[in-house]
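What follows is a group of structures, each given as structure tokens.
Next, two complexes with chain A in common: one pairs it with chain B, the other with chain C.
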Partner chain A sequence: MQIILLTSFGGAFATYLLAKISSRLRDVCAVIVSGLLVVFVALLYNKTPAATLIPSFVGAPLTVRLNMLSWFFAIAIVVVGFLSIVFSFSYIKGKERADFYYLMMLLVNAGMIGIVLSADLLTFYIFWEIMSWGAFLLISYNRGPALRAGMKYIVMSVIGSVVMLAGILSLYAVYETFVFSELAGRIASASPAYSLACASMLCIAFAIKNAVVPLHTWLPDAHSEAPAPFSAVLSGILIKMGTYGLILVLYLFVGVKLFISPTYVWRGFRFVLLVLASITILVPSFIAVMQNDAKKVLAWSSIAQAGYIILGITFGTTLGFAAGMFHFLNHATFKALLFFGIGAVEYRTKTRDLNSLGGLLKRMPITFIAVLVGTCGLIGIPLTNGFVSKWLLYKTLILEGSPFLAFIALIGTWGTILYGYKLLHHVFLGQLPEKYKNVRKAPASMQFVLIILSLAVVVLGILPGIPLKLINTIAVSMGMDSMNINIFGIASETGALNTVNILSVLAAAGIVVWIILKASKKSTRISQEDNYAAGAAIPAERYSYTVDFYNPLYRMIRRYLRDIFDEFYYWIAGRVQAFSDMVRRLYVGDVGCYAMYILLFLSALILSQVWWRVW
Partner chain B sequence: MVNPVLLLAVPLGLAFLTPLLAFISDRIARYVPVAGMLFNCVVSVSLIPSVLNRPIIVQTGGFAPPFGINLVAGPLGITLAAVIALVGLAVSVYGLAYVKEGATVKYHVLYLLLLTGATGVVLTGDIFNLFVFYEILCISSYALVAYSGDKNGVEAAVKYLIQGSIGSGLALIGIAILYGVFGTLNMADIARNIGSTGILNTTLFIALAFMVAGFGVEAAVFPLNAWLPDAHSSAPAPISAILSGIAIKVGIYVVVRIVFTVFGAPSMFMLLVVIGVVTLLIGEMSAFSQNNIKRMLAYSSVGQVGLIVFALGMATTGGISGGLFQIISHALAKSLLFLATGYMIYRSGSMEISSLQGMGKRMPLTCCAFTIGAFSLVGLPPFAGFPGKFMIVRAAIAQQQHLFTFLIALVLFGTIIEACYFFRIVQAAYFTGPREEPDAGKQRREEAPLFALAPMLGLLVFIIALGVYPEPVIRLLDSCAAELLNRFDYIKGVLG
Partner chain C sequence: MVATVAQCVLLPVLGIVIGLFFLGLYRKIMARLHWRYGPPLIQPVIDILRLFFQGGMSHGAVFDFGLVLSLAGAMAIILFIPFAQWCPLQGSGGMLVILYLMLLMPLGTALSGGEAANPNASIGISRKLILALGYEVPLLLILLSVMSYYSTISIVDIVRGQQASVWALFSWPLALPGIAYILILPAVLGVRPFDTTTAPQEISSGPLVEYGGKYLAFEHIIHALSLFLGISLFVNLFLGGAANPIVFFVKILVVFVACVCINAVFPRLRIEQAVSYLWKWPTAIAFLGLVVVSLVK
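Up next is the complex of A and B:
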């Protein structure tokens, strides 16, 4: 395990140093490092090593350990990390400061590996912070609007870490330990109010990283302004570190038994989390529909999808936990896939504006298929992995008595369909603008990444048993009931999931549709202008019929979907700034005044003693 | 074993030797401060193991304390002397490249005197002797602030001089009252006479108040710190570094030594805590809305002083060693920042933050040093600022009092503001300005000269080393904290 951390951190700096020699060497080194990490983590499957990094750091050891839960997260981190490095080859080539970019990509990756390997809160916090500032430097990389996005991110992130630090140290003040295994379950013995306070502080920190409404406002800007490969990492993995943290708090520290117990305190706490999760699903899904920037759509969608994950995890039953964990894995695959796909489009066309793109289907076929698969996964169409996790989630919610939450999740999925189709349509279908007539298909390294992830989406959709088995082991190790899992799905008393059945039904339906189409009259093809302008001659470049795609819907929902929290935070920031300006005026610049300050201080000190004897 | 008195005698002697050496060659004179600080560094570090066992008491003129002037080289004194020598060494190497114009010989003399004064203050055991060294420190820093000779520098120096003199005057009155009451100037002897009741009569309290207010001017706590932003921002870069890194820490040391050891006044601890938090908030908020980078760094020093005073005022082992750790990490990081900005300003010709754009390309190493210094100040791991802040927050939360919970929330709020303005500068240095072609930067590189880079990299190494493996230093600081907390051990150690 030290080897993993050494490879990840050392590799990052080695890459940076080698970059000074040649850029070819740098690329090779980056791939080797991230590839090695995949191998190392894969080799540690089902092993539970533990180690001490530094025997004593500010009075406590820094320790690492591996268990099934952290392995599950670690493998997702290293795989997405590896793919993002491969994708970066052509994406970053010829851009400025590429060496720095690779250093930070690998460093953030290393930080995340560190987070999931940590065995105590101190180590966890250290790696967490390394990840946070590394991400800040990467988000700011693109300049221009990215600066604002980076600032917003880091300010919220610092607020999160400060709150987390307070939470960690409050725990430490009572239990005198940072180690997870020693903290586990002991919170139950503290007074409910105290443990609730500690748990909420940690949860706030993780919710900021996980972009749970109302703490989400950094995410849309940061995700859309970051370089595309990093957006994939950010959305697929980095924000899920918050999920990992939430699992630690809820399932390990508090303990799942206590968390879902009907005590007054924890019931309220769980209720709040569930409500926030469902708001996180509902509102961002529709805000995503209204976006006209391809990456903004995906960014808002990330918030909404993270909501599904949180909903599953905070539900607290085995099935819910499995749904959340599986959706985490799926989201890491399909959202990374989508960001990579849109990144490839952006790389070739230099724009992300949905209204000026279109018709790239013939120009970038592989990318189209990848984005199609990704969108299907996002929506949750059968035979993709998104279907399985969403199926599990609905099933949990309906069967275990929260049909209303299930309804909200369903409406969220409706929004997902709308923006998923919008994305696909605006980029790949419709008219091809004149200026993109000569767009070439994505470079080979990008296509490689897209194909791998598309396959993953489909394979996980058809054979969900592979990850579910793992998740089951994790759930059992946290003290939950076991599920009955086979390679094609779940068998249980409440209704089985079997992808083979679904496959055959779909195949049958497909054949029926094909037969009907074959039998019916042949359709005639007309040109697009005919269709749109009823035969009138219009200059193709002047019109973009994709603008205001869902116009009636926009008009209906627009006024409800203001991001009031964003405005509120900006207001606070403005107030703080104004107040700071006022404070600064204390230093008037007149030395006589300053001398008076000194004497006033002295007289106040003496008088307070003479009159009231305070000191 | 070396005699700790050499820590004072050698730099003082060298300071007066410098003008003579300058007759032979200016080149030799330039290297004198480096030699002196290197010597101090080696000596003070080599003394650390032995003072951990028992403090070394040096008598002058063969008079046993409480008569005569004595030096008390305890863990705290020697640790601070080592920090002073270390930062002094880095800054003096930097000065070799930076200080080229004007009265360079006088600069080197004053610089050595300043550091001698600082070392003397932390080592002496006699309160009037402390005052003398304190004045040496202050007077040389007034002169050095005005070194560049421009209008801003002189104006700032005069303001500093006025406020500093008021402070010194008040402190002297306080010392005089003490001497009038007890007839002794030995700190241990005064402490023994005051006893341990914890309740001071009005006369003694007035002496204490005068001394806290007087020495507090150099310690730069609110509302006594109005000289600092002007002085630190107008001085030449190495002097800003030494003032922020060393001089104000010496002021804090004096206040703390007087409150903890001489008076043993637990009732004042709360005052320190409150003043600390107020200073922190005011400093950080003033820094937040600055556009001038050196002023911003100066206000940030005010904020950090607040944090340190807050930590020391908690008067627990954890709090004091956290505060002392913060003294060390801030000394390293802030001097690094001032050194780095020195050349950044020199190259861009302006102190505005907006003029930093594209610096990351022009001076990559300097900018990297600046970034790491800034990250360390904000308290991000794995840099030296993190263990310090962590220990302070831990100590405050471990108090388990509502008041401290509230105060620590304010402190953390200050940290957030601090993060905002430092991250803003980092962005300005790296990510603003026109986008450049990947290879164009190579021709436009204007890195700082080697003599300026070497000390920055040296400080950088210390910052990272302390951030990754702070444990030995923390153990050392724990015994420093014990020295402050166990007043009677100090008295017994000196008086026998």
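Up next is the complex of A and C:
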């Protein structure tokens, strides 16, 4: 385990040093490092090592450990990390500060591995900060508007860190330990007010990272301005560190039994979290429909999908937990896939504006298939992994008597369909604009990443038993009931799931229809103008409907979808800035003036002494 | 095993036959209400056979693939919805799978129509998705109240629950969702006055505009199946399904004819009018129904 951390951090700096020699060496080194990490983590499957990194750091040891929960997160981190490095090859080639970019990518990766491995809050906090600052540098990598996005991110992130630090220190002051296993249960046995305060403080920090409404405002800008490979990491994995933190707090420190118990305090806390999660699903889903920037669509969609994860985890039943965990894994695959896919399009066309793209299907077929698979996973079409996790979530919400939460989650899915189709239609379908007539297909390294992730989406959708078995082990280790998992789904009296039946039926029907289609009279291939203009000569312009695609819907719902929290934060930021400006006016930069301040201050002191005799 | 496979093969065929019969009936009823004689009942079958012998025009692989996906999805759902006592795939995910498989029909057509790059098709697809969002809001509330009331996600169990007592439409907590479902049924089926998606006079039949020959035949079959599926779902959820196929057929026939007759007299709604209608009374009633059901449970 120390080897993993050593490889990840050492590898990052080694890559940076090698980059000074040659950029080829740098690429090779980055791939080897991230590839080795995948191997190392995979080898540790089902093992539970523990170790001490530094015996005494500011008076407490820094310790690490591995269990099923952290392995589950770790494997997702290293795999997506590896793929993002491979994707970066072509993406970052020729850009300035590429060495720095690789260093930061590997450092953030290392920070995240550290987070899930750490066994005490101090270690956790240190790695957390490494990750947060690394992410800041990467978000603002592109300069321009990215600087502003990065600033927004880091301000919110620092607020989160401060709140988390306060929570950690308070816990240490009371229990004199940072270690998870010793803290477990102790928060719960404290007075309800104190335990609630501690849990809320930690949860606020994690909710900022996880972009739960109303703490989400950093995410849309950060995701869309970051370089594409890092957007994939950011959306797929990094924000889910907040989910990991939430699981630690709710399931380990508080304990799931107490958390879902009908105690006054915890019931209220859980209710608040569930309501926030549903708002996080509902509103961002429809804000995403209105975006015209491909990555902004995906960014808002990330917030909404994170809402599903939080909803599942805070619901607290075994199925809910499984749904949340599985959806985390699925989101890491299909959202990374979508960001990579859109990244490939951006790389080739140099734009993300949905209204100016179109018809790229004929130029970038592999990318289209990847984005199609990713969108299907996002919507939750059967036979993709997103379907299984959503199925679990809806089932538990319906059967445990929360139909309104289920309703919100399902309506959120309809928002997903709308923006999912918009994404596909505007980028890949429709008419190919004249200026993109010569776009080439994505480079091989990008296609490799896209294919791997597409396969993952489909395989996990047909064989959901593989991750669900793991999740079941985690759930049982946290004191929840076991589920009856088989490789194709779940067996139970209240409604089973069997993906192999769905697969065979769909495949059979598809084959039959395909044969009929091919067997009947052959069709002729025609281009767009042939049918639309009925063969008449028409000037070469755009003849497709993309701008304002859901116009009637926009007009109906636009006024309800303002991001009031963003406006509110900007208002606060504006006030703070005005106040700081006022303060700054005192500092005129003139020595004489400062001398006057000092004199005034001294004379005030003397006067107060003369009048009130303080000393 | 043999019986299951036989059902898997026969039910889609039966669904297509009944759906085409409904299409013919629809045209006939509309004609009679307009004081016309109307085409013969089997006109859709004649049309489809004729269309299969015309080649048609394709815009590319996705154009074909989308259509196949759409039709395959429609045929697959039939196996999840009970036709009288037959429901070959009852233990494979229940209502939630039906809900999600139903997405394949519009999504497949949308992919296919999208590649055609015809503005009329795109406008039609955009309208279809907005309309679907419109009726899904009340529909999901309705389905959730039924599922919560019977505490199951299996449609077969819902049917069984009704056969043990009374039809859901006439049982008091579920009467409200039932009424809401009747109000949105024409929107779910896409018949008058909710045929904005394929409005021939405004957008040249929307997504259908680029289809010809066998592709148009497939589109007709998909439309026929969607009529059959929408009504079967209603009959299973609110009219207690049926113990034998004949009764089931009579039930869906009655519902369909009633639905067409009532709605044929309305002129076509604009998409905003349709959505604001769907989000007003049907949603309010369905919402109230879900509140009542969750209080009763």
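Keep in mind that, in the parts below, the second predicted complex is superposed on the first by the 547 of 615 C-alpha atoms of A that agree within 3 Å, B and C clash if a C-alpha of one lies under 4 Å from a C-alpha of the other, contacts with A are read in each partner's own complex, and residues count from 1 in each chain.
Heads up, the rule we're going with is that a residue touches a chain if its C-beta (ideal position, glycine included) is under 8 Å from a C-beta of that chain, and two chains touch if they have at least 3 such contacts.
This structure is a prediction, so every number in the text was calculated from the model and none was measured.
Undergrad: After superposition on the shared chain, which partner residues are touched by A:17: those of chain B (first), chain C (second), both, or neither?
TA: neither
Undergrad: Which of the two partners, first being chain B and second being chain C, lies in contact with A:379: first, second, both, or neither?
TA: Touch partner of A:379: chain C, not chain B.
Undergrad: After the superposition on A, what does A:272 contact: first (chain B), second (chain C), both or neither?
TA: Once the two structures are laid over each other on A, A:272 reaches no partner at all.
Undergrad: In the overlaid three-chain picture, which partner chain does A:42 touch, first (chain B) or second (chain C), both, or neither?
TA: neither
Undergrad: Is A:513 in contact with chain B, with chain C, with both, or with neither (first, second, both, neither)?
TA: A:513 contacts chain C only, not chain B.
Undergrad: Who does A:547 touch here: chain B (first), chain C (second), both, or neither?
TA: A:547 sits against neither chain B nor chain C.
Undergrad: Let me test your reading of the model: by the given contact rule, A:417 touches which partner, first (chain B), second (chain C), both or neither?
TA: After superposition on chain A, A:417 lies in contact with chain C alone.
Undergrad: Look at A:95 in the shared chain and tell me whether it touches chain B only, chain C only, both, or neither; answer first, second, both or neither.
TA: The answer is first: A:95 touches chain B but not chain C.
Undergrad: In the complex, go through chain C and note every residue touching chain A.
TA: Within the complex, chain C contacts chain A at residues 8, 12, 52-60, 62, 64, 67-69, 71-73, 75-76, 79, 89, 91-94, 96-97, 99-101, 103-104, 107, 110-111, 114-119, 122-123, 125-127, 129-130, 132-133, 136-137, 140-141, 144-145, 147-148, 151-154, 210, 213-215, 218, 271-272, 275-276, 290, 293-294, 297.
Undergrad: Across the complex, what residues on chain A touch chain B?
TA: Residues of chain A touching chain B: 54, 56-59, 94-98, 125-126, 129-130, 132-133, 136-137, 140-141, 143, 146-147, 150-151, 154-155, 158-159, 162, 165-166, 169-170, 172-173, 576-577, 579-581, 583-584, 586-587, 589, 591, 593-595, 597-602, 605-606, 609-610, 614-615.
Undergrad: Which bits of chain A are touching chain C when the two form their complex?
TA: 358-359, 361-362, 368, 372, 379-382, 387, 391, 394-395, 398-399, 401, 403-404, 406-407, 410-411, 414-415, 417-418, 421, 424-425, 429-431, 489, 494-498, 501-502, 505-506, 508-510, 512-514, 517, 520-528, 530-532, 543-546, 549-553, 555-556
Undergrad: Report the residues of chain B in contact with chain A in the complex, numbered from low to high.
TA: 158-159, 162-163, 166-167, 170, 200, 202, 205-206, 209-210, 212-213, 216-217, 223-224, 226-227, 229-230, 265, 267-268, 271, 281-282, 285-286, 288-290, 360-361, 375, 378, 380-382, 386-387, 390-391, 393-394, 397-398, 400, 408-409, 412, 415-417, 419-420, 423-424, 426-427, 430-432, 435-438, 441, 468-471, 474
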